[in-house]
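Chains here go by letter, A, B, C, D and E, matching the order in which they are written, and residues are numbered from 1 within each.
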Amino acid sequence: MNTMRNPGWEWLMAQRWILPALLLIGFGLAFAIPEYNLLNKYVQLVMMYVGINIILTVSLNLVNGYMGEFSLAHAGFMAVGAYTAALLTQKVLPIADYPGLFPLAVLAGGLMAALLGLIVAIPSFKVRGDYLAIITLAFLMIVKSVIENIDYIGGPRGIPGIKKLTTLPWVFFWTVATIWVVRNFVYSKYGRGVLSIREDEIASDLMSVNTRRVKFLAFMVSSFFAGVAGALFAHLLQFISPRVFDIIKTTDVLIMVYLGGIASISGSILGAVLYTVLLEVLRPSNFAALVSWLPDVIFDPLNQYFIRHLGVWRMVIMPLALVLVMLYWPRGIMGLREFRWFVPKRDLDAHHRHVAHGGSHDAPHGH
Amino acid sequence: AEKTIKLGVIAELTGDMPAVGASCRNAAELAVKEVNAAGGLQVGKEKMKVELVVEDNAGKADQSAAAAQKLITQDEVVAIVGPNASRYAIPASEIAESEKTVLITPWSTNPKTTMDEKTGKPKDYVFRACFIDPFQGGVLAKFAYQTLKAKKAAVLYDVASDYNKGIAEVFKTNYEKLGGKIVAFETYTTNDKDFSAQLTKIKDAKPDVIFLPNYYNEVPLQVQQAKRLGITVPFIGSDSWGSPELLTLGGADLNGYYFSTHYAADNAAPVAKKFIADYEKAYGAKPDDVAALTYDAFGLLFGAIKSAGKVDREAVRVSLSTLPDYKGVTGDMKFKADSRDPIKSAVILEIKDGKFTYFTNAKP
Amino acid sequence: MSEGIIYWLQQTLNALQLGSIYALIALGYTMVYGILTMINFAHGDVFMVGAFFCFLAAVYLGLPFVPTLLLTMLGAALVGVMIERLAYKPLRNAPRVSAIITALGVGIFLENFTLALAPYPKNIPALLANATWNMGGVSISSLQIIIILLSLGLMFVLDYVVYRTPVGIAMRAISWDKTYVPLMGVPLDLIISVTFAIGAGLAGAAGTMYGLAYPVIDPYMGIMVGWKAFISAVVGGIGNIRGAMIGAFILGGVEIMVAAFFPSTYRDFVAFTLLMLLIVIRPYGILGQPRTQKV
Amino acid sequence: MSASMAGIEDIQLEVRDLEVHYDGIRALHGVSFTVLKGEIVTLIGANGAGKTSILRAISGLMPYGGSVVFEGQSLKRISAHRIVGLGIAHVPEGRGIFGNLTVQENLRLATWQRADKGEIAADYDRVFAIFPRLLERQHQLGGTLSGGEQQMLAVGRALMSRGRLLLLDEPSMGLSPRLVQEIFRVVEDINRSGTTVLLVEQNANRALRIASRAYVLETGNITLSGTGRELLGDPRVKEAYLGG
Amino acid sequence: MTLLTATKVKHYFGGLCAVADFNLQLQSGELMGIIGPNGAGKTTIFNLITGVYRASEGSIRLRDVELVGKTPHQITALRVGRTFQNIRLFRDLSVLDNVRIAHYAQVHYSPLEALLHIGRYRREEQRIIDNSHRLLSIFKLEHLAGETAKNLPYGSQRRLEIARALAIDPELLLLDEPAAGMNPNEIDQLMEFIQWIRQEFKLTILLIEHQMKLVMGICERIMVLDFGQTLSEGPPTVIQNDPKVLEAYLGEGSIG
């Protein structure tokens, strides 16, 4: 709460028009970039990954950060969304004739995932903590096993040749939609209910919060967007298989959530961007390009002995960086804090009604 | 500065199959070093040096696609070699196809890698250096039924792995077509180390032969555990056995078993002998089949670039698909006009005295 | 004996062996898990490092079984204590989940660091003569017996330590709330480090035994094993030594028996569904008790 | 008797200019006081005055500025568990019972630093003589005890560690009137048998009655001090802490 | 009019009988105290009324609604509010949010309206914020609205707990040892305060307390529990002199 007190920053955070403005510019760019090839396709692809990862991270944060559970099922929901959407576009919907039906497929993927979210939501009424973590893990394994055993959807071979329907504007749209909806959820009575469950479930129930309903909604919203992300992912990669959605995928999303910070939308965005971009930047050739301004005497040996081998070492450096970040910010970089841009004005005002002008801080835990 | 030819490699350096990635990178670097040592590649009138860009895909499908996209758009490579496993090769191949850049996967045996799902036709730009699953499964079924005279067979395979499952199923179909009986068709999941339940079941079914279309790091465990349970019938395997590591890991347990693969080191052409010696000198280990196939993928590429006479993606594609018979480490190969899968034959090796020995050539 | 019974007996034996292998790992896991109530993602990777130490000791130093085992345990314990001091201790007062994620990071680091040094799988030589006996169609190996006995023995030792000795009482006190533990005169840091050392040492021992039972090792071998240890510990009841043992046997039993009597393709599906039901029915594990928290 | 008149050897605990911070906010602003051997000294003060913080600092549970000297030895850089070994026992606010340990195990844990087996056995008897209820509940889990039983256990535990100085943080909180009387009686007994007591209490009336000396703490500063009787009669104390 | 009726309520924890035979008739508007030795089952009775535990036997009715079998939030929605013996605030949340959360049952908008911030959302949210501020200012906590609850001094945390309980708009308020950890002077203030909120919010209050000064000072009727059973019941003057109560609870001495 005290890291960002400089006046310039304060001023910036207080400008409510910036976010809508960024949104507009973002949409413009999302259309313009692929249209006019403003950035090369590799950068475009990475941008789409970033978007999908933001969707995953923000939605997982709802359960793992705001609600304080430790769900490992996210990749499972993603798989459900991916397979549902891919089957629709490949086998059911006449996508070839009407590419405009793609959003329907994505929506269906999300809804299917939300439906299966029940499998996790219902035990969560009774089971908490690490015991619930096991249930989510089991869910993930079950999803994987079921997909592997259905030959109609490719079994372990997966579904190749999915039409590439995911585009930068679509990714941008869904990313914004996710952020918007999750943010709305968080700043509603249900969102506060989720927070209170994290803090003290019994007290929450005794303060009139319908904890079942709240958990139910939180799991549904979370798994819905995981499904959406899966659907987009399938139509970007053009190939899915059960392996794509294994525990490693969940681990990636977990890292992004906790790196960015629990119970923070801005944190999740930050975490997803950092993690995804860093993994790409640390590619040997990218890294070499980044430091190519170094004089040859330094660059050449550096490149020869270190950068060229970064291929393996980047996976050593990444977790180290994660550990360091966690030691420094135990709740993640933006843990329990929020850029004020994301906080509804009403909430901001309510907390600062009697605080003298300017003596503010970032809203705690996003309120 | 002098002009260079940039070639990309996507390898599984980290993730679930790092050994495959390491072999692939090693062989790629060896191939390029040799060409450059000879002054470069003859393209048209000039000799051009080859520059290699190696990317890791971390054993992830999305990173495979990202790596492919990066190599093509950012590094502007002429062609790509890799990834090896089908589940990584497929997403990379989609990018290569839409970006009109040649991609040769050394080791992906899934038929779908080189096929366009929408049209059912082969992809234009995606090639492979190996044979495909149905071919191998057929070869092995015939070998088991006719050569080994086994009337009852059992299969144990990894149900979560596309490769294993693919071959297992082809084997089953072909074997039954020949008149054999599959008495047990058992599965496990990647990373399992204990197969006792399945093997006990297999023992109960009393097969004449057991087929293990599994990777060389799992096969020794499976064979050892089977022996411990008192199973005495022979085992056969597929090209995934074809790593010298199998012998280090499995030792004498594997003597007397057979598997199909791409080439036989002891019955190899001079190119192969030279490659094996060079590789051993450079890396202190015998090359496995991924290394050999990667080396051949580069051989194919070099040949195609040379005969194209210019460094141009489209030209490379055209000349690759019309390349006359290429004599590689893993045998002679050639692409048919309507296919991206090389015509090549398989060999059956026997494990004898802790060594791979040539047993027979096999055509389906 | 009829074939059916032989089959049954053999599968039961298989289940026992797999269960004890899981138990070997779960016991060390649950020690640390019990006192810090932290999902120790790195445990599986310390186990992996242990297996690699075993490989080094056996192959490069050419040591026989006992010194290899001791050296491995020592090495793993050192790694464990180092991890605790550098990565977990600074987070002792932070939310529980921070340490979990740090552990995850440490685990991935260990995996890939090992990978950078050893990209190819390694083979653990047979340090123990492994005799196999055939008893009326059921085969039993000496290694199997050793592993089963070892895990049982360890369970009793640990159970004694945790429930009967002052160190054990201190460990349990820490697991309840460490704030006031020093007021009892108990050196908190030391006890936690000792617990980590024991846990990691056990992981090392498990790595060795696992390496002997399944002699192919690779840098990622700890991931799945770590999850299984976690499952065992939770199913048995968090922090409960006997529970971890039972959890491990349940897991091993379910995996083997499902594969034995159903089509093996359904193994994961059935096993994990059963697991899910089990937790729903017993939300605090088999032997676990809800933390009595008065309202 | 005041601190300045006492001989050096009589001073058991000397606190000088104690400062404590929470998240950068200062909770104690240089508190100084002394406790002589054999005394009961009580600290009274409103909620949040900093009483608990003082005790926590003394027993090494939190970092502080200033100095704390116990029997001539500075406690500044000594870790909490060693301080127990030096002879300070602390019954923390909220009792700090280990809910998953039995009564007996809770008691046993407190003997961690002791090697004198025979005397430990005698101390068990002593504790059970003072709190017969604990004997009855020996094998019950600490977490299921009632509030009063937990308080008894907490004091019993402190006795087991054989401190020469006993820090008590609101021992009467949440207890029935009867038990409150009992606890105060036990505190006096313990004191009489030679243990110095530093007592923090809300129940100022009672605390002042048994105290040799007392200090009044207000928002991190000591504002008044004197003997128990003096303060009991002081109108300022009456108005602020003894109620109408 | 009888607000709360408990008949033959029993509760067991495993083998332990925490509440043996509890009967109560609480009149609307009454302020009643429950006292009794530690472990007598007082808190358990609050937990039974609010649905934290389900009574093993017997019936608890609020007017004519049976409470046994209902979940805590259902009971709370019937306008029963409570505080806790050990403070249970939402520690990491702001003071304002602590109070806002307790409005859950009174905020009327659907999940869809919440997800899209449409319809009744704005109006309802504003109403809740205003009401929360009203409560906070009554409890002199308004300037701390944005502060994290755990950073509040103990006394303020106690007040916040009561404010939060009032946010659910209770008719029946259950206070579990509100004076614990307060000095006699603070208890005096608390007594006045309880009486004031009782008027202001038209509350029926049931309170558990060990501070005799408070119990004897403001309760109209007192029930003494021992071993989960009623030992004595009556106005303060009677209770104070009941030998059974003296023996089991008050001890030889005085008040306070």
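Following the convention adopted for this analysis, a contact is a pair of C-beta atoms (placed from the backbone, for glycine too) under 8 Å apart; a residue touches a chain by one contact, two chains touch by 3 or more.
Not measured: the values here are computed from a predicted model.
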**Asked** Using C-alpha centroids, which chain lies at the maximum separation from chain A?
**Response** D
**Asked** Which pair, A-B or C-D, has more C-beta contacts?
**Response** A-B
**Prompt:** From chain C, which chain is the farthest off, judged by mean CA positions?
**Reply:** E
**Fill in**
Per the C-alpha means, the centres of chain A and chain E lie apart by a whole-Å value of 41
**Fill in**
Chain-centre distance (mean CA atoms) for chain A and chain D, in whole Å, is 51
**Request:** Find the geometric centre of each of chain B and chain D from their Cα atoms only, then give the gap between the two centres in Å, rounded to an integer.
**Result:** 75
**Fill in**
chain B and chain C have mean C-alpha positions lying a whole-number Å distance apart equal to 36
**Asked** Do you know which chain E residues sit against two or more other chains?
**Response** 52, 84-86, 88
**Message:** Give me the residue numbers in chain C that touch at least two other chains, ranges are fine.
**Reply:** 112, 115, 119, 223, 265, 267-268, 294-295
**Prompt:** Which residues of chain D are in contact with two or more other chains?
**Reply:** 144
**Asked** Which of the residues in chain B end up touching chain A in this complex?
**Response** 11, 13-15, 18, 25, 53-56, 58-63, 65-67, 69-70, 72-75, 86-87, 90-91, 94, 98-99, 110, 112-113, 115-118, 159-162, 165-166
**Message:** Looking at the complex, which residues from chain C come into contact with chain A?
**Reply:** 37, 39, 87, 90-91, 94-95, 97-98, 100-102, 104-109, 112-113, 115-116, 119, 223, 227, 230-231, 234-235, 238, 265-269, 272-273, 275-276, 279-280, 283-285, 295
**Message:** Applying the document's contact rule, which stretches of chain C touch chain D when the two form their complex?
**Reply:** 166, 169-170, 172-173, 175-177, 179-180, 182-188, 291-294
**Complete:** Listed in rising order, chain A residues that touch chain E in their complex are 181, 184-185, 187-193, 195-196, 198-200, 202-211, 217, 221, 336, 344, 346, 350-355, 361, 363-365, 367
**Prompt:** What residues on chain A touch chain C, complex-wise?
**Reply:** 64, 70, 123, 126-128, 130-131, 133-135, 137-139, 141-142, 144-146, 148-149, 202, 247, 251, 254-255, 258-259, 262, 312-313, 315-316, 318-320, 322-323, 326-327, 330-331
